[in-house]
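Once you scroll down, you'll see the structures, which are given as structure tokens.
The two complexes that follow have subunit A in common; it is paired with subunit B in the first and with subunit C in the second.
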Partner chain A sequence: MRQLKVLLKELLMYKSALVGITIIASLIILSLYAVITAPYGEVTRKWSSIDPWEDFPKNAMPSWVNIFIGRKLPETIVLDSRKVEPSTNKTIIPITGGKYILRILFTFGYTYDDFPSEVILRIFSSTTKQFTAQIVWVKPGGIEYIVSRKLLRGYEAYYITSDEEFLKKFNANLINKLGSRPNYDISINEALFAEEDQSILNQNTVTVLKGEYRAIVDVLIGEEDLNKVQIDAKLVVYGKVHGIAGTDHRRRDLALALLWGTPIALAFGLVASITITFAQMFIAAMSAWYGKSFDFIVQRITEIFMVLPFLPMLLMISYFYKITIWVLLLIVILLSIFGSGVKNYRAMFLQIKEIPYIEAAIAYGTSSFRIVFRYMIPKILPTIIPSIVLSVPDFVFLEAALALFGVGDPQAVTWGRVLEDAAREAALYKGYYYWILQPSLLLLLTALGFAMLGLALDKIFNPRLREM
Partner chain B sequence: MLKDEYAKPCNLNDILCIRGLCVWHPIRKFLTISGYVRALDDVNIDLEKGRILAIVGESGSGKTTLGKTILKIYQPTKGRIIYDGKDITHIKGKEIKWYRREVGYVQQDPYGALPPFMNIREILEEPLIIHEVPKSDRITRIRETLEEVKLIPVEDFINKYPHMLSGGQQQRVVIARALILRPKLIVADEPVSMLDASVRIEILTLFRELQKRRGLSIVYITHDLSTAKYFSDKIAVMYAGHVVEMAQTDKVLSKPMHPYTQSLIKAIPDPDPRNRTLFREVPPGEPPSLLNPPPGCRFHPRCPYAMDVCRREEPPIVEVNGVHLVKCWLYG
Partner chain C sequence: MGIAGKYATLKRLGKYLLIRGVAVLVTTVIAIYMVIIIANMGGFVDEIIKSEIQFYVYEAIRNNPAYRGLNKSTIELIAQEWIELEIKRIGLDKPFVYRSFNYLRDALTLNLGRAIRITSASGSKQVRIIILERLPASILLFTSIQIMLFFSSLTAGLYLSRRYGSKIDRIIVALSPLSSMPGWFYGLFLIMVFASWLGILPYGGIVDAPPPEHPLPYALSVLKHMILPTMSWFIAYFAISTYSMRTFFLMFSSEDYVELAKAKGVPPKEIERRYILRPTLPPIITQLALILISSWMGAIITENIFNWPGIGTLIWMAIANNDSPVLIGIVTIYAYLLAITVLLLDVIYVLIDPRIKIGGVSTQ
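Our next item is the complex of A and B:
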């Protein structure tokens, strides 16, 4: 315990160690936060399903890009008549002939500098009975468009963004109003949110009309259905930025994957590194101590394992069997315990075996087992600890690389999986830099943290490396 | 032949009696054995209880191998080792544990002999743990032993690590570790050769005291005849794996019989300045290769008295005056 304190004190004299410890500590805090707030099973289920991500924008950038581009990109606006909010209003208006109009009114302010990415209206009805619905879009300044009239039966998702009919009507209206139509293919998002003056005619000048927007859903119902039928609507104006990490092509929040990737990466790296190093050390110590035919057999096995192609073997195994990330970890460990480390450690142990205190231990009757564990391994432990720390990132990278190859756990939510999705969706080609950069940065940060701590530890345990 | 005739039966009261001991290290080439290094060849030694036997010889003469074979670190190829009336040549398992308790080992390099990652208490506790001494007794025994080797006050040393001690103190810890199991025989392999001259006498005096108080028997391995003179009751001179001469210390030193012993004694530096210009006669040449020892007497290439018979046949062990054993044709 006291030794540990001394070590820590010495360690903090190195700035690199301080940086390394800070990085690792923040990664650990992040991991703890992930583990405490969201159970792993729930996260993997959520990650591989579609429904929970309905109200998230597609390929949205992280919100903090607003700071850098100097414009305010739209956030997602969700309005739901099933929730009691001041922005939604449900009224019933009686009209003639025992008919009623169920009117759902959404009101929202739109003050962003860019157009939304999508607008979707979902209408929920508790019966399969057919109703007529009319959807009206009111821009600030009272410009009113009847967007659509439709027959409603049960649940209906109305993708306003891809309604070509409305676009035709809108263009016709513009010709009436301004005398010409836009010289480019105006999108419905632009049609719904643009300022309707000369600026709309040119793609470079089209601007957002800021102010209070309203969307009105009118459903015509008969008296008999008035108290029986439950009709609700949800309007989602999808933004272009979301959260601290953005979203991917399946609308999933990358923050969740990056958050849960941390404990998995740390666990994978640490478990692999520690187990492999200690197993190799143990095998090497036994091999050096017992010598003779045992040594011969161990060394030949090691040589065989050293020439086995590691990556192709892993790929083969994971193509043949459906493996989870923890089975993958086990396979990595099994393929590595007879690695080149056995040779290195054996060379060290062969030297240690000749140190006089080992002979003294034999002379007072120490068992072979005790000699290996109490006399040989502690002697090289100080030189091992830095290498354990330094090899953690290797395994974190390995997991990411395997995920990039499409190998590994389809369920697991890891940094490698995020990168794989990004690569598959050609994220860099499409300009979704955040999608690649964020997990890469986390990977680099992990490597940097462990490398800086490891190098400082190396200087402490191997004083010959210390600079004057 | 004469050499086989020397088979004086062991005295069962002697602490150690070695007869015809051979240690041959095999030389392996891939899967076959291509030859042997004859580190020890036909060694006979007697040590009475409570006495100190010095084994003297130059490096490579097999004295350390002999020590380690007595300690059962090396397994003898041939011959017998009788300890306190019991044949321990081939003991194993539980019995060897008993023997480990009976014999202590003091090494040459005190720093290498102590594990650097343990403190003194842990170092001394190890033999006690292995020999299942109850936990409550351990600390008192550690204290007793440290006091005995004069590492006082004990509190100043017990929690220190070996690198914090001086060479002399480290050697005292090594001695304490050898003594902690209360052995009857100590094998001390050049215990003072790595120490400063001033500390040497202290350590040797300590050995003497301990030997007197505990009635220990000591096998004192050295290359230095002068400390052997100061310290031992009996001297065995080794050359190229053979014991060439064995007798009481004063007899060996005053009347050396073997030509090799004679040259060794002549080679002892003399501090008298009047003798500084005196030419010291040392035997020419070097000790022979043990892989391929010369036929006949192993000393004959360097021996000033070499005869024809020395080149042909191995000399017998001859008892001169009843107590002086010498392996030389001159007396044969």
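Our next item is the complex of A and C:
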């Protein structure tokens, strides 16, 4: 305990160690937060399903980009008539002939500087009986469009954003109003939210009309259905930014994957590096202590493993057998325990073996087991602790690399998986930089944290380096 | 030392090399055999190929008008015969264990055979041609990167060892954590900045499409494509290799005999050349040799990220296509090169370092 205190005190003398410890500590806190707030099984299930992400925008940037670009990009607006909110209003209006109009009115303010990415209206009906519905869009200033008339039968998802019919009507209306139509392919999102003056005619000047918008869903129903049928609607105006990490092509919130990637990366890196180093050290100690044929066999096995190309073997195994991340960890360990480290440690142990106190230990009849574990291994422990810390990032990146090749665990939610999705969806070409930068930044922090701590430890444990 | 002494030394060296050679050969053979087993998934790849043959034969029969109108059992009979013939032709009729030794023999005699699915750009299915076609690209990029990295960090390390504690020295030490991230990772960033954002360098590939016709623009185009991968590796590995070279030289320059030479007034240049570089030569040569050998394999991840048509992308193609002959071919050549290098290094050690003795007797 006292030794630990001394070590810590010495460590804190290095600024880099302090930075390293801070980074690692924050990553550990983040991991704990992930483990406590969301159980792993639930997260993986949620990540691979579609439904929970229905109301999330597609490929939205993180919200904090607003600070940097100086424009307010839209957040997602969700309005649901099944929830009691002041923004939604459900009324029944009697008309002639025993017919009624069920009116769902959505009201929302739109004050963003950019157009939304998508607008979807979902209408839920409790029966499969057919109804007529009319959807009206009211812009600030009372500009009103009948967007569509629909025949409802049960559930209906109306993708307003891809309704070409409405666009034709809109363009015709613009010609009436302004005398000409836009000189570019105006999108429906722009049609729904743009200011309708000369500015709309040019792609560079088209601006958002800020103010209070209304969307009205009118459903024509008969008296007999008035109390039997439950009709509701949900209007989602998808934004261009979301949360602290943005979303991916399947609308999934990247924050979840980045959060849960942390404990997985740390566990993978730490377990691999600690197990491999200790296993190699143990094998080397036995090999050096027992010598003779045991040593010979160990040396030859090590050489065989040095010939085997590590990454191709690992890729092959994970591609063929579609293994989970924990089996992958096991295979990484198995392929590495006879790695070149065994040779280095063996050389160290061969020197230690000649130290007089080992001779003394033999003289008073200590068991081989005790000599290996109590006298030899502790002797080189200080030199290997830095290398354990330093090799943690190697394994974190190894997992990420395998994921990039698409041979990672399809169930696991890791930083590598996020990178893989981004690479597969050509995020770099499409300019979704956040998608690549965020997992990369976490990988970078992990690597730097362990490297800084490891290098400082190296200087402390190997004083010869310190003078240099 | 007399002629007899020299003769005895040669004899010892020969005997030592023979024993080492046998040991290295045995390990190489076992390693190659292991790769054969894994690359064939312990025989499972055969099952995949067999089911593909079946599919192919039935498809061919169904699409061939000559077989139309025959009754089902006749067609079944024809199909079975055809499938058996096909299986025999590829050699899958014998058990996997038996064949695995055939593969081993072929691999060891460098009779690399034919690829299952991959074809070379020239249309050949010969594994040898496929590998040879990819080899120049890998050597051009990674061997050059490694040689540049090695010599630049060697010179920089030597320079810094003379003035450790200086500003540049501290900068290099401070930059060494950069190496905790692999080269391909920096590749991603570099592509993002120089290809995607600035648009001044290509995303990847080896040459513009369509390739320039004249050799000079062609070479320039290739060079342009080499910039980003080279940069990514330099960012990743230059600081740490300079740092370790410098530390390495520092350790040697604090040896007693160096101090003695200094005290005797030997000029610094002379000290560096004769007292520091000479004894550090064996490990440096080993490092260079091993780096060059492994650069032959390209770098799977970097090549894939930069879409570089070298051995690394070939390895991944072979894995993704279950093309075991190609994989075995690459690994075998690598294993041979490694074995030869290890043996050569043993000889070189003896030649360049008078302190290394073989069988107890120095060569000098």
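Going forward, the second predicted complex is superposed on the first by the 466 of 468 C-alpha atoms of A that agree within 3 Å, B and C clash if a C-alpha of one lies under 4 Å from a C-alpha of the other, contacts with A are read in each partner's own complex, and residues count from 1 in each chain.
The rule is simple: contacts are C-beta pairs under 8 Å (C-beta built on N, C-alpha and C of every residue); 3 or more make two chains touch, one makes a residue touch a chain.
These numbers were taken from a predicted model, which means no experiment stands behind them.
Colleague: In the superposition on subunit A, see if there is space for subunit B and subunit C together, and answer fit or clash.
Modeller: Overlaying the two structures gives subunit B and subunit C room side by side.
Colleague: Once the shared chain is lined up, is A:370 touching subunit B (first), subunit C (second), both, or neither of them?
Modeller: In the superposed model, A:370 contacts subunit B only, not subunit C.
Colleague: Which partner does A:270 contact after superposing on A: first (subunit B), second (subunit C), both, neither?
Modeller: Touch status of A:270: no partner.
Colleague: Answer with first, second, both or neither: which of subunit B and subunit C does A:120 touch in the superposed model?
Modeller: The answer is neither, since A:120 touches no partner chain.
Colleague: First (subunit B), second (subunit C), both or neither: which does A:201 touch?
Modeller: Touch partners of A:201: none, neither subunit B nor subunit C.
Colleague: Touch check for A:330: first (subunit B), second (subunit C), both, or neither?
Modeller: So A:330 meets neither subunit B nor subunit C here.
Colleague: For A:38, select first, second, both or neither according to whether it touches subunit B, subunit C, the two together, or no partner.
Modeller: Neither: A:38 stays clear of subunit B and subunit C.
Colleague: A:361 contacts which: subunit B (first), subunit C (second), both, neither?
Modeller: In the superposed model, A:361 contacts subunit B only, not subunit C.
Colleague: For the three-chain arrangement built by superposition, which of subunit B and subunit C touches the greater number of subunit A residues?
Modeller: So, of the two partners, C touches more residues of subunit A.
Colleague: After lining up the shared chain so the two structures overlap, which partner does A:311 touch, if you call subunit B first and subunit C second: first, second, both or neither?
Modeller: After superposition on chain A, A:311 lies in contact with subunit C alone.
Colleague: Could you tell me the angle at the CA centre of subunit A between the CA centres of subunit B and subunit C, given to the nearest 10 degrees?
Modeller: It works out to roughly 50 degrees.
Colleague: Taking the superposition as given, tell me the minimum C-alpha spacing from subunit B to subunit C, whole angstrom.
Modeller: 7
Colleague: Considering the complex alone, what residue numbers of subunit B touch subunit A?
Modeller: Against subunit A, subunit B makes touches at 68, 71, 73, 96-97, 100-101, 103-105, 107-109, 112-117, 126-127, 130-131, 174, 177, 181, 187.
Colleague: Quick check on the complex: what are the subunit C residues that touch subunit A?
Modeller: Those in contact with subunit A are residues 23-24, 26-28, 30-32, 34-35, 38-39, 41, 44, 164, 174, 176-177, 179-182, 184-185, 188-189, 191-192, 195-197, 203, 246-247, 250-251, 297, 300-301, 304-305, 315-316, 319-320, 322, 327, 330-331, 334-335, 338-339.
Colleague: Quick one: which bits of subunit A touch subunit C in the complex? Just the residue numbers, please.
Modeller: 16, 300, 303-309, 311-313, 315-317, 319-321, 390, 393-394, 397, 400-401, 404-405, 419, 428-429, 431, 433, 436-437, 440, 443-444, 447-448, 450-452, 455, 464-465, 468
Colleague: Under the definition above, what is the set of subunit A residues touching subunit B in their complex?
Modeller: Listed in rising order, the residues of subunit A that touch subunit B are 355-357, 359-367, 370, 374-375, 378-379, 381.
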